[in-house]
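In what comes next, subunit A is part of two complexes: it sits with subunit B in the first one and with subunit C in the second one.
On to the complex of A and B.
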């Protein structure tokens, strides 16, 4: 991938220009659909944008200098990681990527959750620490099937390049692996059946409890970017429409991401929160089961190549 | 007024986040406050959210006369809220101590301890009254600069 193309992807589509409005749209869709499922009207569509502006305009609470540096730095790194992860997605048909970009993408997708753990401990609030501990335990739980599914896809495509993974013909491996990735979405986005780390009415907002004003706005933005990047990853790998025309791939990518958001919201509104052992059992039984079958299907045809 | 100031004003009007604190009341006002979140009143239409952390909040909603035991918590929570912030006294208790007036266990009414911006009288007030009070509080919030209020004695932000 050339530098110009990377910057175009970072600041244009699917980066800054696309991701920030669509992140706010996704946050709104989530709130709106949850409200509608509960028989309420829900917020107007501009709500996440005004929330962001209001939080940015709040005055910071004074803290010791290193603490405030840490508490501003962590959400900023999470936001930047979200943008880089988005820029790596193989959306437009002329993006070529580079060998090993899937590894980089997985690493950057993990940054917001990892940084939330650090933030929870850095805030030194009891709620933040409980939330951070839960997030750390959950990330072990869901990353096992998530990474196994990615490895299964990569081994079936015999490449660590996202564009090659997306371009392989659809078969059992892809269906199972994308299903596993989809199963991991609610827990990665901290949605209700698995909203254990930011459990409202229980530990307030988990790791973000002590963050206020602009720092909180950055966390909200990072969370929105996580929505865009993770739904985008599933859409890219699950439905790789290579139509050639830029506009079509844009519309398909955005539309399918939004449909996925609606599905996830309906799941979140219709379920109650699980405990950590229940969530772990679910992911290690069903998620891991699917992922292992996908891995075996992905490795078996190429077994002599691996043995050589 | 510059365009950014206008935008900030608009944003403050449209996304007030409430933090609710019971300082020793009878729970009646708390139930009326919770009723605002139900489908019948649904304050989320107006962008109002009930948040769990005072650090996220714009409006402090106090119910109950301030008892000796809750005064320290009230002061800490007020100091933890980032500027600009507005205090709403919900119900008769924070305004006048109501039936608890004269008790040795009471340090209220609320305006002895915090600068109160809006009083919502009633025992308990109806959800309509609360929504009206929040609407007035939001108008105060929008006009505030991000100025620093005098930090009160004994407060530890």
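On to the complex of A and C.
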């Protein structure tokens, strides 16, 4: 990947210019659709943007200098990681990627949740610490099937390049692996029934409890970018259609992402929050089961190449 | 799956919530921001005196008095309206909107002091409502004296006393 193309992906599509509006749109769609399913009216579509502007304009709470440095730095790094993860997605038809970009993508996708754990402890709030602990336990829970599914895809494609993984013909491995990735979406996005780390009715907002003003705005933006990146990843790997025309692939990518958001919203509206052991059991039984089958299917045809 | 049938049913019917704030009617005696009728006010400052949150301030100047009100700090208790001797205060029937700057809704009314009939000095206004409370019947003499400043009023009283003693 050349530098110009990387910067285009970082600041244009699917980076800054695309991701920020679509992140706000996704956050709105989730809220609105959930509200309608609960019989409420829901916010107007510009609400996430207004929330962002309002938070940015707020005065910051004075804290000890190291704490405030951490609390400003962590969400900023989470936002930047979200942008880089988006830039790595193989969306535009001429993106080539580079060997190993799937590893980098997985790492950057994990940054917001990891940083949320750090932020929860840095904020020195009891709710932040409980939320951070829960987030840390959950990340062990869901990363096992998530990473196994990625490994299954990579081993079946014999490549660590996202574009090669997306371009392999669809088979059992891909169906199972993408299904596992889809299963991991609600917990990675902290949606009900896996909204354990930011359970509003128990521990306010978990790791983000002590954050306010611009810092909270950055967390919200990072969360929105997580939405775009994770749904984008599933769409990229699950529906790797190449129309050739830039506009069509853009519409297909954005549209399928939004459809995925609607599915996640239905799940969030129709379920109640689980406990950590229940969530862990679900992911280690069903998620891990699917991922292991995918991994076996992905490794078996190439077994002699691994043995050599 | 019972919950999903409930969700689908909710999607089909109209939302039960209303858009904020316009469509919800305010009740009849709603206590909104305080409003003032300048032509009734006598600038006595009772409203500022009873205001618990210091939302009303009455500042006296040489030829007028300032009635300053900030809804941002008002608790809408209605004490000022109850205490006003001339019923110059009332409350709006709508709630104060949200705003960006704290001072955005602040209002300042100037109550001009009329000039004394005799010496031409500005003097706090005396309205008929307060006269009606103070005197059993508002005679022509009371009315003409109410248009004088304090000093001239004292002099008029002295003149009256002198004329009675001469009689």
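Assume the second predicted complex is superposed on the first by the 308 of 308 C-alpha atoms of A that agree within 3 Å, B and C clash if a C-alpha of one lies under 4 Å from a C-alpha of the other, contacts with A are read in each partner's own complex, and residues count from 1 in each chain.
The rule is simple: a contact is a pair of C-beta atoms (placed from the backbone, for glycine too) under 8 Å apart; a residue touches a chain by one contact, two chains touch by 3 or more.
Predicted model only: the values in this text are computed from it and were never measured.
Trainee: Identify whether subunit B and subunit C fit side by side or clash on subunit A in the overlaid structures.
Mentor: By the criteria stated at the top, subunit C and subunit B clash after superposition.
Trainee: Please tell me which partner, subunit B or subunit C, touches more residues of subunit A.
Mentor: B
Trainee: Based on the superposed arrangement, let me know which partner A:135 touches: subunit B (first), subunit C (second), both, or neither?
Mentor: neither
Trainee: Counting only touches as set out at the top, which of subunit B and subunit C does A:211 meet: first, second, both, neither?
Mentor: After superposing on A, A:211 lies in contact with subunit B but is clear of subunit C.
Trainee: Based on the superposed arrangement, let me know which partner A:270 touches: subunit B (first), subunit C (second), both, or neither?
Mentor: second
Trainee: I'd like to know which partner A:37 touches here: subunit B for first, subunit C for second, both or neither.
Mentor: The answer is second: A:37 touches subunit C but not subunit B.
Trainee: Across the two complexes, what residues of subunit A are contacted by subunit B and by subunit C?
Mentor: The overlap between the subunit B and subunit C interfaces on subunit A comprises residues 35, 38-42.
Trainee: Spell out the residues on subunit A that touch subunit C in their complex, using ranges where they run on.
Mentor: 35-42, 266, 269-271
Trainee: Could you please specify the touching residues of subunit C with respect to subunit A in the complex?
Mentor: 1, 3-4, 7, 10-11, 13, 15-19
Trainee: Per the contact definition, I'd like the list of subunit A residues that touch subunit B in the complex.
Mentor: It is residues 31, 35, 38-44, 46-47, 49-54, 57-62, 127, 200-201, 204-205, 208-213, 216 of subunit A that touch subunit B.
Trainee: Spell out the part of subunit B that touches subunit A in their complex, as residue ranges.
Mentor: By the definition above, subunit B touches subunit A via 7-8, 10-12, 14-15, 38-39, 42, 44-45, 47, 51-53, 55-56, 58, 80-84, 146, 148, 157.
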